[in-house]
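Presented below are the structures under discussion, each in the form of structure tokens.
Both of the next two complexes hold chain A, though its partner changes from chain B to chain C.
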Partner chain A sequence: MGDVLNILLLQNTLRTATPVVLAALGCLMTQHVNITNIGIEGMMLTGAFFAVLGSYFAGSWVAGIACALLVGLLLGLFYYVFVIKFKSDEFIIGVALNIFAGGLTVFLLRNIFDVKGSFSDPAIVPLPTVEIPLIKDIPVIGPLLSGNTLLVYVSWLLVPVCWAFIYKTPMGFHLRASGEYPDALTAAGRSPERMKCLASVLCGLLSALAGAHLSLGYLTMFSENMSASRGYVAFACVIFGRGNPPKVFLAALLFGFIEALGLRMQKYMPSDLTAMAPYVVTVVMMVAVVLMERRKRRHAA
Partner chain B sequence: MSGLMQSLRALARLKPAQKLTRDYLVSLLTAVLLALAVGAGIMLVCGHNPIEGYGALIEGALGKPRAIGNTLAKTVTLCLTGLAMSLAAKAGVFNVGGEGQLYLGAMAAAVVGAQVDAPAWLVTLLALLAAMAAGGLYALLPGALKVKWKVDEVITTIMLNSVAIYFCSYLANGPLKTAERGIATGTDSIMAEAAFTPLIKLSNLTTGVFYAAAVALIVWYVMSRSSVGFEMKLTGENDRFARYGGIRTGSLMLWAMVFSGAICGLVGMLEVFGLHKRFLTTVSNEFYFDGMLVAMIMRYSPFGVIVMSFFFAVLSIGSKSMELSAGVSSELILIVQSIIIFFMAAEGGIRKALGERAALRRARAAAGERGRG
Partner chain C sequence: MKKILSLLLCLAMLLTLGLTAMGQAEDGGELRVSLCIAETLGDLGFYDSANEGLKRLEADYGVIGSVVECKSDASMYQVALVEAAEQSDVVVAVGWQFWDGLTAVVPEMPDTKFIFVDNGLDGVGDNLMSITYAENEGSFLAGYVAMKLAQSGVVGVIGGENSDTINNFVVGYKQGALYANPEGTVLDPVYTDDYEAPDKGKEAALSLYSQGADVVYAVAGKTGLGVFEAAQEQGKYAVGVDSDQKYINPDVIICSMLKRVGDSVYDVISNYLEDSVFEGGTIWNADMSSGLVGLGYGDDTMTQQVSDELKAEVDALAEKIIAGEIVVESTR
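== the complex of A and B ==
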């Protein structure tokens, strides 16, 4: 088992957790304005595709990220218009968005790149890895903290940024108010709708970024349905961390650890069984949250 | 009791039920035409002739008896999955886990079909029961979590989908893998005499349809003609009110979930006994999600679900021949279908927005008249 439980496992944990961290940060924005967004899955998948598209045609990872962010912005606006403006069922729109993303990416994959299944090409420029000068020489922590791809660091940075935004800025306060007390916000002369729009757009951007990390950071390719329910896992992490970025981050790390462990256990167990683990853990996490909350309430009473 | 029931009924009538009104059907038709137009636009951009593309689609779905058989078989699948969704949704629980329940049902049916040595009719019957039990029990877990601890069933059922699919894939690749050559990932084939026979030659439409129809009839009867169905409806519309009325809402939700799962298991069994004759990892391709969305946009109306299932079946069966003979990738149909769903989900909002704009225009026109006069 020594070849499973080593420093590489922790390295893999960080890598597999990153897309979930980014998507979960997006998801918690909509969660705070009281929208249950399960369309993150589709936003992530579309982001992953357009990141590859931009990187391939412009020959630069910057273009890939820009492309993904643009699409994320559009999807966020689209989600806002349908769910808030047209007052549609957020669940139906979310599921339909996921099916739409699945159809659109495969359709474009076949019509632009003329391949089925997956597309990888040397012309796709991956995200750069960042070596941190002094830290990289420290024995154990060095390889962990240094040499990751760019978006891994961005995701770490975004956790405190999102926390500060939500809990420490006036705008974050309005954002939360639009979910909890929309009438109070209206009375204060602010529009809850505008806050919900902001949350949807931020969710679209962050989910697309999560997708970009999948297709340009984690791997350098796009394959059909490559988001593989990570959007839903992100959702579960948000529930688990009660929408608080640092707690959500820890939940995502736990998920990443389980997935990485599964990947490294493949030598000893059939891969289908190890692949089940993250999903089982998510269900257990959901139950644990509810039970913990019940216990807390009983103590309070 | 009957007095209470009557007052409950009267109160239920007060709540404006979302029905398939004429306006809604007009919107539906508009959305369908719009989505098809978008599809045609995409074909033009990609350098295909839309008339040729849609022609190939209709030809492929309804051109030959065999094609019609396949389309009808697909319609049955969509209707049953839609029914499963409706059943749970009417009682106020969302079963998004039909895909996993379907896989387990298919696996259970395949195991019974291959392992049990009994007269053919008994094997079929046992496989049917095993599939429904597998699907139903698998739905029991998220159902119980929801009823007992209020764990959000949407996420748990989605997660359990992946768990079931990977588990079945493990069985089909490992302990239950067939020794037969040429089968990459699948179980042993089922007893040949126990399988359903095709009603139309070479098509997927088999005698399994009769089982599907029987189950659908029973569910329809329970839902719309029995007091259990009525209690279920009350629970789905307002569970606190139903509880005060003496209805045991928890167990009703649980049963709705279990039967919903059982129907999904049955769909899996129909696929195995009608089409593949064994469990294959490709037994379903998100069949449940299609049926689920059909049921949602048709507002769980049985007749509406049947009509829309047929339309979606034509699109999805026809899309394959559209790809083969007109060269348009079949995924285009997924885009068309999701556009229909987007617009139907937003139907009320769009109509209101359009209505407000028209009213504004009328008001401006009236003001203009007055100004001139």
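== the complex of A and C ==
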């Protein structure tokens, strides 16, 4: 088992978890304003594409990130306009967004880069990796904490930032109120709609950032449908962590760990089973949440 | 009398019209060929190779080609075949996924010729020809080169799924590697269960490199693109598959195991066009002697990790395989 349980497993866990963490942070914003947003999958995919587009044409990863964020902003506004302004069904709009993102990226891939399926080119500038002096020399912790790509650290930083924003600032309080009890917010002279708009835009930005990490950090290419259901996993993590950023972060790590473990367990069980592992864990997690909630309710009674 | 004469004339004119139309269909100018792809184009390998074959047919014979991508949608496989068969004279089905669809559709469409690529299906109809490839023989050479370049004496392989076709690559590779160095180690293959996920390919390759592999053979379609990224990151080597993939990253891809799907499709259809020969009901195994499997090293402008001596050794080994002096294991 020594070849399975080692430092590389943990490195793999971090790499796999990061895009999910970023997307989940976006998703929990809309979750707090009481919108069930499954459109993050599509936001992620579009973000991944435009990050590559920006990086390729401008020759810099900064432009890639900027491009992704801009598109994330637009998608967030789009989601706000349809779901909150026009009061369409959030689920339908989410699904539509995902299908639209899949079609749009394929269309643009073929028309802008004249390739099918995937686009990789030396001209795409990847995100830089960050070596932390001193820490990188510590055994075990060094290779884990140092030498990751930029957005990995950004995602770690964003977890406490989001937590503080949601639970410790007046604006975070209003954000939650607009989901839990919008009438109270209106009575206090604040517009719930504006808070929902903010949540929607933040969700778009963070999901696009998750996509940028996929296409510029994790890999240096764009591939059709490369978000590969990570948006849904992120959503599951948000439900599991009940919208609390540190808990959501742990849920994402657990998912990353199971996927990394699955890859390494092939020696001991068939690969079809190991490929299923992350999704089995998702279902188990969901059941656990329901059971925990039920117990809590019983205690309250 | 005049009436009969004019009627006869009309009939003759109609006949000649009909005959010229038939003539056109036969001389290839209007042969319609549909390519049914089980997943999507853009894998820079297997499917794209088939598509290149079609493009060459369009250029050389003026066939009217069309491509249907099923995008791994299982409900599409049969529908795509039926639609393609209705619209064209020859249907090329690329991917094992069409097995059931062909079994059902081929007998219903006796006027359409079907070519099944990568799997052998017989007893279905005289209008179906299957092409299989001796990927085990090509992979033998790939394994030989990989082991020769692996200073650690350890090599690895990544498969798209745990299936007979993929394992046919794996057994050949393993045998070739151990032929080069009986003391060497071929790590257990890692299967990604996905041909379209470069991220999984990268993780799988990183795990193999961390176990000491110096060279990893990517037998996983688009997933393999992630393997090349991992090789770049780790400063190790990789072997490409299906097409000559060296151009994707000449610094890390030492060679590619060629499976010239496009050429085989081209050969079959050009034979049909030129000599009206279509060997329906048969399975053609394109082995080393056909020249359709082997190794590719990119072109001279690219960094060459494989020395000329080693290339000559590879050619000698290929001769031995053709002569039957080396028998490569197979899972088929």
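Rule of thumb we're sticking to: the second predicted complex is superposed on the first by the 292 of 301 C-alpha atoms of A that agree within 3 Å, B and C clash if a C-alpha of one lies under 4 Å from a C-alpha of the other, contacts with A are read in each partner's own complex, and residues count from 1 in each chain.
As a convention for this text, a residue touches a chain if its C-beta (ideal position, glycine included) is under 8 Å from a C-beta of that chain, and two chains touch if they have at least 3 such contacts.
The model shown is predicted, which means the values in this text are computed figures rather than measured ones.
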item	value
Fit or clash - chain C, chain B, common chain A	clash
First, second, both or neither for A:Ala275, with chain B first and chain C second	both
Which of chain B and chain C A:Ala164 touches, first, second, both or neither	neither
Which of chain B and chain C A:Val115 touches, first, second, both or neither	second
Chain B versus chain C as contact partner of A:Tyr218, first or second or both or neither	second
Comparing the two partners chain B and chain C, which touches a greater set of residues in chain A	B
First, second, both or neither for A:Ser88, with chain B first and chain C second	first
Touched partner set for A:Leu8, first chain B, second chain C, both or neither	second
Touched partner set for A:Ser229, first chain B, second chain C, both or neither	first
Stretch of chain B penetrating chain C in the combined three-chain arrangement, among 181-189, 235-243, 325-333 or 361-369	181-189
Chain B and chain C contact sites that coincide on chain A, given as residue numbers	270, 272, 275
In the complex, chain B residues that touch chain A	42, 46, 94, 96, 145, 149-152, 154-156, 158-160, 162-163, 166-167, 169-170, 173-174, 286, 289, 292-293, 296-297, 329, 331-335, 337-339, 341-342, 345-346, 348-350, 353
Contact set on chain A toward chain C in their complex	3, 8, 12, 15-16, 115-118, 120, 214, 218-221, 223-226, 228, 260, 263-264, 266-267, 270-272, 275
In the complex with chain B, residue positions of chain A that touch it	36, 38, 82, 85-89, 91-93, 95-97, 99-100, 102-104, 106-107, 110-111, 229, 232-233, 235-236, 239, 270, 272-273, 275-276, 279-280, 282-283, 286-287, 290-291, 294
Touching residues (chain side chain C, partner chain A) in the complex	40-44, 48, 161-162, 188, 190-194, 196-200, 202-204, 206-207, 210-211, 222, 225-226, 229, 248
